[in-house]
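Alright, structures below, take your time with them.
In what follows, chain A forms one complex with chain B and a second complex with chain C.
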Partner chain A sequence: MTVAPKREDYDVVVIGAGPAGLAAAATSAEAGLSTLLLDENIGPGGQVFRAISSTPVTDRNKLGADYWVGADLVQSLRASNAEVIHRATVWSLDRNLDIAVSIGGASAFVKAKRVILATGALERPFPIPGWTLPGVMTAGAAQTMLKSSALVPDGRTVIAGQGPLLWLLAAQILRLGGRIDRILDTTERGNYVAALPHAFAFLTSPYFAKGLSMMREVKAKVQIVSGVTELAASGDGQLASVSYVAGGKRETISADLLLLHQGVVPNVNLAMSAGIEHRWDDLQLCWSPMLDANGASSVTGIAVAGDGAGIGGANAAAVRGRIAARAAVEALAPASAARLPAMATLRADLAKAERGRVFLDTLFRPAPQFRIPSGDTIVCRCEEVTAKDVLDSVAIGATGPNQLKAYRRTGMGPCQGRLCGLTVTELMAQARGKSPQEIGYYRLRAPVKPITLAELAAVPKSEADVKAVVRG
Partner chain B sequence: MSTNVDAIVVGGGIHGCSTTLHLCLAGLKPVLIEKDYAGRHASGVNAGGVRQLARHIPEIPLSIRSMGIWEKITDLLDDDCSFESYGQVLVAENEEELATCRARVAELNALGFTHEELIDAAELRRLVPAVAETCPGGVVSRRDGAANPAQTTTAFRRKAEQLGATVREGVAARNIRHSDGLWSVDAGTETFAAPVLVNAAGAWAGKIAADLGEPVPVETVAPMLMITSRVPHFIDPVVILRGRKLSFKQFKNGTVLIGGGHLATPYQDRNETVLDWKSLATSAQTVFELFPVMRSATIVRAWAGIEAKMKDDIPVFGPSSRHRGLYHQFGFSLHGFQLGPGAGAVMAELIVNGGTQTRVSDLGIDRFHPATL
Partner chain C sequence: MFKRSELDKRPQVQIFVDGVAVAARQGDTVSAALLASGRDARRSTAVSGAPRLPYCMMGVCFDCLVTIDGVGNRQGCLVPVAEGMQIEIQMGKREIGK
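Up next, the complex of A and B:
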């Protein structure tokens, strides 16, 4: 069934139904603003609460209590009168707050007085030798299968990388009876020392106890190799083995499946294509939008909430969604703002939810060799460009990611740089002795997700456009 | 302290880069000042059409001169610029349009130009097998083709620098002034001085001309383009339509570039454009009708480059009518890319020799301002 938006204009359009988007849409609708929530997935939840209303996993312990928090957010949204459309891919947003959205193969245009972007996070690229082989996938992709279909690996499985989500996934796989042969932990030893000064805040954060027990649970069942400093996948057209170096010793193990994960980064494509200014975050090693305390971006009327605003986790995301929505209510219907929790309360909630984040960011800062590849390792999958290709182009004058397009077409494939952008920025920055901020990022353009020519051709046109124009 | 050079070129588009290179070839030491980087705007992001076809008559001699350079572009730049020559075809969608084509070719022939050739339905189908059956013919310019615009502009810039040009990117040319026969221009913390100043600043050139007392009727526009995912090879030449705004080109990798001159809204001060998807939808619909093979292709990206469009659609090219040592090279009005190589060569001749064999007299700024020199 295809449902087009009911109106052409809304007070607030929220994009993305993860924790930030769910909370933002519910808040905005509760205050009486006409609210449209557009989400790409088949149901609410985003990645963290994926399939929250439909998962076949019914034993609550298996996905963990945190997962089921999503059900409350969905409940509040459903209790509000926000209009919600799933399987809706927003493919264009511009600074006039014109939104183009594809729903069931047909595109529609809507206009908003305020837009709240809650497009969440993407997994950071993990460009090791062999990462494009069939049999190598991201932990996030594995988690998607697990949450939506209760599918878990049953072949020889290796998980490599670092970060809280890696341990969460491992625990979820094990609880659902999946197989994990080894976990290769790539956390740099120096990070433990660097993170120490931030440990107190983390110890008092809600993540601490849960994180610790989850790691214990996994460590009881799987062999963990820590201090991994090199990693490569190999095989002839299909993953056959994983080799790694830990403590100076190289080892190769057979594997059918390698799950890679080294943290998540904001999904900035839609925000950047709308012209929102971003800056390089030296701690999280990614681009984050420049926002004020309410999440308002450099483009008037567009706010960013959730992990798309800088990685903060699900609890922080929901609060950021409420803050951005409250700011929209204050601007559009000030009288109704009184119905909502006070801004000071929300900011206190946010501070609490963000506690311990610096510790996690410092501890799980990925090592340079896993972010900045060399030699024949593929950087851009769409155009099959290697690290050496990029460096060769720098040598003959490519100064940044946009110039590199002319030499190598990096970032010009269907993924629009989602899988190579950070790698290209950091690789070029290193090669040119500049900061990532100076090197910059791809200029992103709509459609941020491809649409078919037939779909675009079927879009309603204005009278003037249809008139044939005679070439001068 | 200012640095003395032989010429200051403002603007690192294909025109500024080409002129800089040709000045180097003539033995001069120019400086090129570009506020962003070479090819940042229209020159780097246009459709890459290398087209003599369907040009305004006053610029045909310059276009033909340029074509000769394009055909030996690798010799000039040590870079093939991805130039390929499969011709460009203008498609007439009905008999009325074909009659217009016929008259146009006859007019060119009478003037001595033979690059445009009238073709019937059979030849059209041979050149463009995928075109809709109903099209009765068109015009072909067989030596035409296409190149990669960013690669080309970058290659001109690189070669100019190799031959001794000073290139300053990321700094705007400011405080342009003239005294004692020398032009001085600030670029960041530096100042350059030269007897020759070339205004090749694209969408920013009109303001430079106006500030120097030579305002011209020019506006800033941003023609939109979009590119598809890879589809099986089905077309070689660049195709443009006689009656509707559409140009169409398939690259070697299978992607198809769809353009034709629908405009985005430019925000020049921010280097930004906002696309007009309803107009792009019109282009998509035209492709849908004419090339059924394209119907399932996906649109991967759309964009627009900022450039200058003259009211009369003809560039401003040649010496200033007010100031000695000032030369204009802008306002190419959505069709300047192919002209770049030739225009740089001719501009260098005008600067170094004081004249050229290529007829460019109809392009001068004196069509707006009678010469006072």
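Up next, the complex of A and C:
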């Protein structure tokens, strides 16, 4: 079913229907602003609340209370007058707040007075030897299948990496009768010491007790190997084994499925293509947009909310969505702002939701060897470029990610750098003795997701548009 | 690699993978249905011909590229299955018009 936007102009267009986008769109529509929510997925929820309206896993204990919070957000949105379109891929956003969106194979164009980007996060690349083999996936991929289709691993399954999601996924797989043979924990020993000064805030955050009980639940059933310092997948056209080093000892185990996870990072493609300034975040090791306290970016009229604004988790994302939407209401319909929670209240909510984040960021900071690969390990999955290829290009003059495109086509495949960008930046920074900030990132441009030439050609155009490009 | 939990009571949807009937469930994405089918659903890349399966299942990695109802290079993880849908596993590069 193809549903184009009902209007050409909106007060607020929100992009992404995860926690931030759901909260932002509901807030903006509640205040009476004409609001359009565009989302690429089949239903609302983003990644954290994936399939919240359709999951076959309806027993609430299986996915946990934190998941079902999403149902309330969806209910608030549905109670509002916001227009919502799913399976809508925004492929262009510019400084004039003109938006191009692909829906059912045709593009529509809308203009907004305010745009709230809530494009969320994606999993940090985990470039180990063999990570492109069939049978190697992200932990988030397994969680997506579990939530939306009640699918669980049933072959020999290894989960490797670190971070809260890894333990949550493991608990959910076990609750649904899935199989996990081993968990390889890559958390660096030194991180425990580094995180200690931030422990108090975490101990007093709601995450602590939940995290601890989940780890206990998993550890009772699965063999855990901690202190993993090396990791590789191998097999001939299909994953066959995983080898790792822990405590200086190498071990190889047979495996059908390897699920990798080392945290999440902002999904920056749309924000960067709109010209929003980003900076390298040395703690979270990723690019984050430069924002004011309301989420407003360097491009007038565009705010960023949720994990796309820097990783803060689902609770913080929803609050950031409300803050960005309230700021839009204050600007466009100040009289209506009184209907919404006060900004001071929202900021207090945010501070509470972000409590313990520095501890998590420090404890689960991924080790250099899992971020910066070497030798024949693939960096760019689309164009199949190895770490050695990148370093060879640096040796003959490639200065940064954009020059590297001309040497090796890194970042020029269909994923547009989403799975290699951070690796390329850090690898080139290390090779050239520069900071990631100095090395920079790919220059991203529309279309930020591939669309067919037929769809582009079918875009409505004036006679002047045609004359501008047709000769004679 | 994956199995369906007994909790899943959704109605079946029949799709065709390279002409062979495959039982999916309503609400599955094409990629989830392929991974659940137990069939060899590996595509091969346009660059080297290396075999791949979906990696991220959330629309960012493009390793789930598949031909759906004659349209090539669709992200199988973003498209829900529909009764009678024709899926082709992609081998190598696309051809013009496909």
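What we mean here is this: the second predicted complex is superposed on the first by the 464 of 472 C-alpha atoms of A that agree within 3 Å, B and C clash if a C-alpha of one lies under 4 Å from a C-alpha of the other, contacts with A are read in each partner's own complex, and residues count from 1 in each chain.
Here is the rule we go by: a residue touches a chain if its C-beta (ideal position, glycine included) is under 8 Å from a C-beta of that chain, and two chains touch if they have at least 3 such contacts.
Just so we're clear, the structure is a prediction, and the values are computed from it rather than from any experiment.
Colleague: Just chain B (first), just chain C (second), both, or neither: which does A:24 touch?
Modeller: neither
Colleague: Is A:414 touching the first partner chain B, the second partner chain C, both, or neither of them?
Modeller: In the superposition, A:414 touches chain B and chain C alike.
Colleague: Can A:138 be said to touch chain B (first), chain C (second), both, or neither?
Modeller: It touches chain C, and chain B stays clear.
Colleague: So, A:459: does it touch chain B (first), chain C (second), both, or neither?
Modeller: A:459 contacts chain B only, not chain C.
Colleague: According to the stated criteria, A:353 is in contact with first (chain B), second (chain C), both, or neither; which is it?
Modeller: neither
Colleague: A:311 in the overlay: touching chain B, chain C, both, or neither? Say first, second, both or neither.
Modeller: Neither: A:311 stays clear of chain B and chain C.
Colleague: Applying the touch criterion given at the start, work out whether A:171 contacts chain B, chain C, both or neither, answering first, second, both or neither.
Modeller: Neither partner.
Colleague: Once the structures are superposed on A, label A:450 by its partner contacts, choosing first (chain B), second (chain C), both or neither.
Modeller: Both: A:450 reaches chain B and chain C.
Colleague: Based on the superposed arrangement, let me know which partner A:332 touches: chain B (first), chain C (second), both, or neither?
Modeller: neither
Colleague: On chain A, which stretch or stretches are contacted by chain B in one complex as well as by chain C in the other?
Modeller: Touching chain B and chain C on chain A: residues 413-414, 450, 452.
Colleague: Could you please specify the touching residues of chain A with respect to chain C in the complex?
Modeller: 40-42, 47, 51, 54, 56-59, 62, 87, 105, 122-123, 132, 134-138, 140-142, 144-145, 148-155, 176-178, 237-238, 256-257, 267, 381-384, 413-415, 418-419, 450, 452
Colleague: Which bits of chain A are touching chain B when the two form their complex?
Modeller: 92, 94-96, 100, 109, 275, 396-397, 399-400, 402-403, 405-407, 409, 412-414, 416, 445-447, 450-454, 456-462, 465-466, 468-472
Colleague: State the interface residues of chain C toward chain A in the complex, per the touch definition above.
Modeller: Listed in rising order, the residues of chain C that touch chain A are 1-10, 25, 27-29, 32, 35-36, 42, 45, 47-48, 50-63, 65, 71, 73, 77-78, 80.
Colleague: Mind pulling up the chain B residues that touch chain A in the complex?
Modeller: Chain B reaches chain A through residues 37, 39-40, 44, 54, 148, 150-151, 154, 157-158, 169, 227-229, 240-245, 253, 262, 270, 272, 274-275, 277-282, 284-285, 287-288, 294-303, 313.
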